[in-house]
Amino acid sequence: MNNLTLIAGLLMLMAVAYQIGLMRSRAVARTDSERMHSRPVYYGWLVALWCGVPALFVFGLWSLLEPAVIRSIVIGALPAELADMPAQQVSVLMNRLGHIASGFGVAGEVAPWEAAAAEQLTRLQAISQLAKIALMASLAMAGVLMARRHIRPSLRARNHVEKVIAALLAICAGVAVLTTVGIVFSMFGEAMHFFSFVSPMEFFFGTTWNPRFSTTGAGGQGEFGLLPLLWGTLMVSIIALLVAVPIGLMTAIYMAEYAPSWLRSVAKPVIEVLAGIPTIVYGVFALMVVGPFFASVGDMLGIQIRATSALTAGFVMGVMIIPFVSSLSDDIITQVPQSLRDGSLGLGATRSETIRQVVLPAALPGIVGAFLLAASRAIGETMIVVLAAGNSPVLHANPLEAVSTVTVTIVNQLTGDTDFASPQSLVAFALGLTLFVITLALNVVALYIVRKYREQYD
Amino acid sequence: MKMISPDVIGQRKESSEVASKAKMSARSVRVFYSEVEAIKGIDLDIMENEVIAFIGPSGCGKSTFLRTLNRMNDTIEDCRVEGTVTLDGQDIYDPSLDVVMLRAQVGMVFQKPNPFPKSIYDNVAYGPKLHGLARGRGDLDEIVENSLRRAGLWDEVKDRLDKPGTGLSGGQQQRLCIARAIAVSPEVILMDEPCSALDPIATAKIEELIDELSSQYSIAIVTHSMQQAARVSDRTAYFHLGELIEVNNTEKVFTQPDHHLTEAYITGRFG
Amino acid sequence: MSNETLSHRSIIQARVAKSLRKRHARERRFRVFGLAAVLAGLAFVALLFISILVRGLPAFWQATITAEVYFDPTLIQLEPRPVPREGETPQAFSEREIAWQSQLTMVNWNRILENSIIALKPELANSRRDVRALFTSSERFHLRDLVGNDPSLIGQRVTLDLVADANVDVWVRGNIDRSLPDSQQQLRPAVRALADELRAEGVLNIKFSKALFTNPDSRSSPASAGLAGAFMGSLFMMLIVIFLAVPVGVASAIYLEEFAPRNKITDLVEVNINNLAAVPSIVFGLLGAAIFINWFRLPLSAPLVGGLVLSLMTLPTVIIATRASLKAVPPSIRHAALALGASRVQAVFHHVLPLAIPGVLTGAIIGVAQALGETAPLLLIGMNAFVANIPTTPFDQSTALPVQIFLWQGNELRNFFEARTSAAIIVLLTMMISLNALAIWLRKKFERRW
C-alpha cells in the first residue's frame, strides 16, 4: 500500500465518520429533550475531523522521520571498518543499497555485507510501513469512537469545527512564513558549507572569479571572488534603470497629468503587457534583435559593441521594468492631492512647472521607493542576463563588453549538476544568499518609504 | 440658521461706497460638465476694490462660477464655458489670452489650506520665482516679507521661514496661502470658502485680513456662512441651482431681499 | 487705487509677459518628452511582438515532401501481430509482443523512404545517401508507427506528407546564404540540387506542420522537434500550482484578513509576505534544489518539483490579490451577517468570500500565468535536461515551455532553431495572453461597485 492509497483510504474513513456523526446527532436529537447546540452537519464534521486529523498528523511526522531513522539503523549495522566513511560516500552507499533493495540493479558485484544491509533496509521499510498503517488506523478508530460518545446537545460542535477551520487557515498562512524560513536556512546552511571550503574574506572581497570545474579533482580549487559578479550586476542594473526610470516616470507623468482618457485607456494596458511577458522572451529578444542591432550601430560608428554585453542586457531589462516603474509612479503621482495642483495652477504656474516643482517633490519619497523596488527587480533578474550579458566574469568598466552577474553565475554553477559537495556548486548558495540579502534590504527600505508616503496623504 | 443682526451688517458700509468701476464682468456665462449645465447664464460685475460674497445652497454653482473667473475650470476634463468674462475689458476666454498671465492677475485661495510641501519661504516665493518677478535674492526676500506682513503672518513665522509650511496650524496655513497668492500682486483674489476648514478664532483672523486686503484688491469670496458674508462683504450675490437670483448691497440682501428665494435662504428655510 | 500701485502692477505684468515665451516653450518640451516616453513604451511592445511574429510564424510551416510511399512487402517482412493465446501467461505474451516490436523496428524503413523518391527519379538509385538526407531522421519511425498501428498497410501505396530535414528546410527557404562555398554549406551539393529540383517539381512544398504541436523535443531529428513534451510539463506544473498555491494562498489571505489578531506577529507575517513577493525567482530555484532535491530526494527534472517551487513562488501573489479583494468587500456585509447570528466562519465563507471571488480568481490566474512563464528556478532543479518523451505523470522527467525556449535558442543549428524558438515563444505568449484576457474578462464581468 503506497502513501497515496493510504491517504485515499483515510479520506474514505473520514467520509464514513462524517456519516456516523450525522446519524448519531440525529439520534441524540430525537431522544433528548434539550435542543442540539449545532446543526447535524457540524457533528458529522467533528467526528470526521477526530478521525482524520490525528492520523494525518502521525502520517506527516512518520514520513518526515522515517528515512532518517531507518538510515541511521542501517548505517549502525554496517561492518565496523566502514564506520568512519566520509559523509559523501555514505550517501553514495545508501543510494546503492536502495537500488539493491528495490531490485533496480547496480553496477559491480554486490558484496555479502551489502546484500545483508539491503535486506535489512527492505525489512525495516516493511516494518515501518505496517506500523504506520496500524497506528493510523487505530488512531482513526479511537477518534471516531471518542467523538461519537461525546455527542450530546450541550456539545458545541460548530465552535469546535470552526476552531479547526481557523487553525487550518492559520497553518496555510504559516506556509508563506515557512517558505522564508526555508529560504534563509537552506541558503545559510549551504553557504556555510561553502565557506568551509573558501573563506568569506576571499569570497566577498576577491576580485577574480575562476571556479574551475569540479571534475578537475579536489586539487583544482578555483578562485571565488564575488566582486566581478557584483560589479556586473550593478552595471547591468544601472543601465536598466537609466532606460526604465526616465521612460517609466515620464510615461506615468504623461498618463496622470496630460493624456486624454481615451489615450490612457489604450496605452496603459498595452504598456502593462510588457510586464506580463516572460523574461525568457526578453532574453531571446535581446539575443536575436537588440544585440545584433547594437553591434551594427557600433560598426557604423566605428566602435566595438559586443552583441552580448552589459548594454544589451541592461537595455532590454530596462524595457522590461518600464511598466513596473510607470505603474508604481502613476499610483504615487495620482495620490498627490489635487488641491496642491490647484494651488500651483491658481498662481499661474504652467502644468509642467506644477509637476516639476510641486507634484514631483511631493511624490518624491514614493517615487524613490518605486525606484528601489525596480532596482531590486533588476538585480534579481536572471534570464535576460543569462542570454544577453555574455557571461564574462571579469572586472572592467566598459558597458559595451560582456559581463557576468550574480544570477547568471548561480545558473551556471548549479544547472543540471546538483552535486552538493563541491565548492563549485555550493558557491551558488553563497551567491544566492548575497542576492537575497541585497534584494531584501532594498525591498524593506522601499516598502517602508512607500508606506510612510501613503500615510502622509491618507 | 438665525437672521443676521443689523449691527453686524453695518460694518463695511463706509468702504462699500468707494466701489464704482467694474474690474471683472461676466456676461451670460454658462458652464457645462459634459452635458450637465451647472451655470445657466449669469451676468455679474466685480467692482474694483470691493469684496463680493457668493452665497447659496450647496451645489448652486457658486464655486463653479468662481472658478470660471480665473479659468481653473480648464483643468477639469469635459468642462465647457460659454459667454464672456472680461478682466479690465479684455475677454479672458479669448484664445490669444495667456492663462498663465490671467492667473497671475486673478489669484485664488482654496477651501482647504493647501501649502506646498516646501518651506514657508519657498511657498511664498513660489509665484514670484515662476513669473520672474524678483530681481535678485534681496528683491525676493522683500516680496516674501511684504506678502507675509500683509497676510498678518510675518510675526508668527519670521523665525522659521525655512520650516515646512505644512507644519503650521490650519489658520496659519490658510494665511500662508493668502500670502502666497498676494506675492504675485494679483488684481483680483478669488476665495473659495477659505474658512470652512478653520476654527472660529482662525476664521476671525482671516476675515480681518480680507477686510485689510480689500483696500488694494477686488475680492470674490464664496462662503457657506451667511454671517461671514454679512461681516466681510460689500455686496452679496445669491446663487440658486446655477442661476444668479439676486445681487445687491450686502445690507440690502440681508435686510430686504428682493427675491423670495433669497429671503427663504437667509432666514434659514433651506440651505 | 493709487498711481503707485498701478505702475507697480504694470511693471509686474511686463515681467510676467517677458517670462511667458520661455515658459511655454519649456511646457511644450516637457509635454513632448512625456508623449515620447509613452510612444517609446508602445514602440517597444510593437517591436517585440512584430519581431517575434516575423521570425516565428514561418516556423509553423515546414518543408514537406509529398510522395507516394510503397510499403514493400519484400522489405517489410513481418509476422502478424501476436494476440494473447489461451492459457498464456501475461509475461509470455509480452515477450512475444516485444519480439514483434523489435522485428518491426529492424525493418529497413529508410529504404522505403528512399524508394518513394527513387520511384519518381530512377536515376537516383545509386545515390541513396543523398536521397536519405532529404528526410528528417524521425520519419522512419513515423513509417514504423503507421505500420505498427495498421499492419494491413503492407503492400499498399500511400501518399504521405513527410517532413524534410531541417537543413533542407533552411536551404529551400533561403535561410542560409546560397552563395556560400560548399565548405560552409550544411548540405552536400548533390542534396541541395535535389532539393531544388523537387521543389520546382512540386514534390517538396512548404506546408503547415503539426510536428511542433504533437512531438516532443528531438535532437537527432531537429525538423520534427516539437513542444508537446514541454507543454505537458508546463501543464502538470500549472495544475500543481492551481491545486497547491491557490487554495493555500486563499486560505492564508482569509486568515490574515479575517481572523488573525492584529499584533506584532501578524505584522511580521505581513512584512514577510510582501517581501517574499519581491524575492528573485532564482532564489526559489535554489530553495527547491536545496530542500526538495537535496533534502527530500525528490527526482530531478520532475514537474512535481517544478510545480512545488513555482507554487511557493506564486503564493505571495495569490495572497496579496486575495487580501486586496477581501479588503474591498465592505465591512457592512460582515456586520449584517454577524448581526443575524452567523459565526465569523459562516460570515466569511457564506458572504464575504463569494463576493470576493472575482478578485481571487483574477489574482489566481495572474499567479498561474506568472508561474507558466517562469524559467530561472526550473533550470536549477534540472528541468533543462533534454527529454525526448512526452511525460505522462508529474514524476517523469520533463521540461517546460519557457525552458524549451531556452534550450532551443541555444541549439547549434541556428538558422533552423531561431524560427522554432520564436514559434515556441508565440505559443507561450498566446497561452499567457489568453490567461490574462480571461482574468480581465472575469474582472470586467463580475466587477462590482459599492
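For clarity, chains are labelled A, B and C in written order, and residue numbers in each chain start from 1.
The rule is short, and it goes like this: a residue touches a chain if its C-beta (ideal position, glycine included) is under 8 Å from a C-beta of that chain, and two chains touch if they have at least 3 such contacts.
The chain lineup, named per UniProt: A = Phosphate transport system permease protein; C = Phosphate transport system permease protein PstA.
None of the values given here were measured: they were computed from a predicted structure.
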| item | value |
| --- | --- |
| Each chain counted as touching subunit A and subunit C at once | B |
| Distance-maximising chain from subunit C - centres being C-alpha averages | B |
| Highest-count interface - the chain pair sharing the most C-beta contacts | A-C |
| Central chain of the complex, centres being mean CA coordinates | A |
| Subunit A and subunit C: spacing of chain centres that average the CA atoms, whole Å | 21 |
| Distance from the mean Cα position of subunit C to that of subunit B, given in whole angstrom | 63 |
| Whole-Å gap separating subunit A and subunit B, where each centre is the average of the chain's CA atoms | 58 |
| Residues of subunit A whose C-beta touches two or more other chains | 348, 350, 353 |
| For subunit C, residues contacting two or more additional chains | 16, 23-24 |
| In subunit B, residues with contacts to at least two other chains | 100-101, 104, 130-131, 184 |
| Contact set on subunit C toward subunit B in their complex | 1, 5, 8-9, 12-13, 15-20, 23-24 |
| Subunit B-touching residues of subunit A, taken from the complex the two chains share | 260-261, 337, 339-350, 353, 357-358, 361-362 |
| Parts of subunit B lying in touch with subunit A, wherever the complex brings them together | 70, 72, 75, 77, 99-104, 107-108, 110, 112, 114-118, 126-127, 130-131, 177, 180-181, 184 |
| In the complex, subunit A residues that touch subunit C | 67, 158-159, 162, 165-166, 168-170, 172-173, 175-177, 179-180, 182-183, 186-187, 189-190, 246-251, 253-255, 257-259, 263, 267, 270-271, 273-274, 276-285, 287-289, 319, 322-323, 326, 348, 350-353, 355-356, 373, 376-377, 379-383, 386-387, 407, 410-411, 414-416, 418, 420, 428-429, 432, 435-436, 439-440, 443-444, 447 |
| List of subunit B residues in touch with subunit C within their complex | 48-49, 98, 100-101, 104-105, 130-133, 184-185, 187, 216 |
